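Below, each structure is written out as structure tokens.
After this come two complexes, each holding chain A, first together with chain B and then together with chain C.
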Partner chain A sequence: MERTALRGRLTWLEAEVVQLVQETARVKTIVFRVPGWTGHLPGQHVDIRLTAEDGYQAQRSYSIANANNNEHVALTVEAVENGEVSPYLVDELVAGDRIELRGPIGGYFVWEPSLGGPLQLIAGGSGLVPLMAMIRSQMSYASPVRTNLVASARSWEELIYRDELEKLSRERDDFDVVYTLTRSQPHGWNGYGRRIDKDLLAASTFAVEEAPLIFVCGPTGFVETAAAIMLELGHQPGGIKTERFGPSGG
Partner chain B sequence: MNSDTHLDGNSIGSLLQDLFGREMTDQRACCDACGAINPLATARVYVDAPGHVVRCAICGTVVLVAVTVPTGVRISFQALRWVELAP
Partner chain C sequence: MSLISRGFQRRREVEASPDRVPPGQYVTNDFPVLSAGPTPRISAEEWRFRVTSERGEETTWTWEEFSALPAEAVKVDIHCVTKWSKLDTDWRGVSVDTILKGVGSSAAFATAHSYGGYTTNLPVVDLTGGKAWIAFQYGGQPLAPEHGGPARLLVPHLYFWKSAKWIHRLELRDSDRPGFWESLGYHGYGDPWKEQRYAGD
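Right, the complex of A and B next:
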């Protein structure tokens, strides 16, 4: 996508649901076809707008999960308990439904080829979504930059994209993933089983000498913790980009 | 002002784009209270229906407030010394 596509006003587009994928018990990927979509960069998000019959509107941000692909925009949404918008998207939408969406939004929390690598990604919960777009984009390039992901989830069952991540880490030398499961671990688990801390990130991320480009995304508390640790480990503030999704589901 | 509930400037990307007619989250802004210069994406954003309160990530001073009123969205510039528009 051209840099110039980041200019100009955003208009609401009609998006049609073309596919639904159950990722975990509470999370679905919703693939939309969006006529008029101008393409996107990994890391960008969209605004979704729902309008009730009485005219009441609710608007929320959702990261784009897929690499740029014509008119297709994939969102991965976690149904937040008692949420106004997310349970509707996850539980009610069916193929053929139409909703309003605008984007792509964002120029800071994005990866572009000019930024180079290596790429250090740190994800908490659904914060994995925009980072997955970066991974998927990298893996589609002829010369990807080395990419390392630290993914924190409550349990193996609640880890989104786990089959795809497993497959990529098996098949690619240029991609590594480290998991930490904070609430419960499968029998015989030999990965991490605690919240991220300095030892964990020091042992499982690129060293300061490699000058990685660092993207951290997830619940606000997770992002604050991870970013502070990466600074403490000696990474440059300008090399750490963060995106906060809001309160944690717990 | 619970530190676990605020968002950051990425979340107001579309609002800033409405305001400036271009992507703004990677543009630098200067806080008038403490002089810190950082990309707008790094500001703290508190969603306080019916609006957004944007605070300097360094000193916490309110730099921008956006409130939805019946006639539209009203944006009030507070401690924002300058915003840069890189070409």
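Right, the complex of A and C next:
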């Protein structure tokens, strides 16, 4: 097909682990150096491919966590119990190891400067990963758009990127974050402590009149709930972009 | 030659004979949901299904009219580009052959249009000959909105993004035109057995 020829192939590239960051007990950020990487937009993902000695292969998708940065691609992976790929990535990989990946993939769930703002981000669990790439990218621009993040996690300990989020919200008046901790809250916690609902989102997100660009990412149930509430609050369906992670959907 | 991943081993049981699982896919028992935006909710009363021919002629079905068409039970394997496959899924739907019977058309291409604005393109030969359905039941139940209800296209031999949820209109065309994902770097045709995930595969 003609378009096919124009776009060229997404080829498998060799990615070398250059850094590992323990985010929470079961989550690590893995930074790869990928010679031949042509850059990405925040929100895009990669496919990774692992090959066993006997030739068996497994592929999975992971969102890109970092802003576009030369040949560097950072993934933040939660080790899913009994998973085939994620525990390998989190527990086995060490600096110097190489795996295969290809990308960037996905051109809809992305934010670019030309889209403007304000930016309303709503994250459940590791759904924060592609939204963090948006935050990191646009905070580095000369005139970042106002950004509000609602982040839902099971507990403070399980919230990824929390130091970076805390620092950003302290230092920048164009960035706000609202947390809700659904299972346990630290002593003296005065934030939300429940699953997202209409009151919570109405109180914590940009109003309809501000016409925010809305990105929702997380497990299917979370995304269904959040997107439905934003519609109920009066936002336009076309202004709500969603990405659903993982098979935990029905 | 693929790079060997030090220490990586198969951890999933071999759930099915390999001839049912396309390359790069794994078998899941869940039914994951993938959509680019909020789930549209369309009642049976407001639901309409249209076919427009390459000459602009239009045929419309209400839910009642659509429900009166002969439907069939379909048991098929489905394959999502995000890597999961689900085997022996049970659907009930109206064959696209039945839908197109009264429509005079010699168009080679089709674009499926959904409530919510989603589109996907397919060759007409992939929709006819008992290969595609407008499905309205899954697992013996009315199709849930997040899975595309009231009715979705079901084209199981192509990656599942071709099986447009919330289908609203089938546009028959003389020329091919990329749909939503096809314009965003995904493959124009999407044969899972050839692993045609992205443009150029």
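The rule is short, and it goes like this: the second predicted complex is superposed on the first by the 239 of 250 C-alpha atoms of A that agree within 3 Å, B and C clash if a C-alpha of one lies under 4 Å from a C-alpha of the other, contacts with A are read in each partner's own complex, and residues count from 1 in each chain.
The rule is simple: a contact is a pair of C-beta atoms (placed from the backbone, for glycine too) under 8 Å apart; a residue touches a chain by one contact, two chains touch by 3 or more.
These numbers were taken from a predicted model, which means no experiment stands behind them.
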Clash or fit (per the criteria above) of chain B with chain C on chain A: clash
First (chain B), second (chain C), both or neither touched by A:244: both
Touching partner for A:231 - first (chain B), second (chain C), both, neither: second
Between chain B and chain C, more extensive residue contact with chain A: C
Touched partner set for A:122, first chain B, second chain C, both or neither: neither
Chain B versus chain C as contact partner of A:151, first or second or both or neither: neither
Contact residues common to both interfaces of chain A (with chain B and with chain C): 7-10, 47, 61, 105-109, 220, 224, 241-242, 244, 246-248
Residue ranges of chain C in contact with chain A within the complex: 2-12, 24, 26, 28, 30-40, 82-84, 116-117, 146, 176, 178, 180-185, 187-189, 197-201
Footprint of chain C on chain A - complex, ascending: 1, 3-5, 7-10, 12, 14, 47, 49-54, 56-61, 82-84, 88, 92, 97-100, 105-109, 220, 224, 227-228, 230-231, 237-238, 240-242, 244, 246-250
Complex interface listing, chain A residues touching chain B: 6-10, 45, 47, 61, 102-103, 105-109, 219-221, 224, 241-248
Parts of chain B lying in touch with chain A, wherever the complex brings them together: 3-11, 13-14, 17-18, 21-26, 39-42, 47
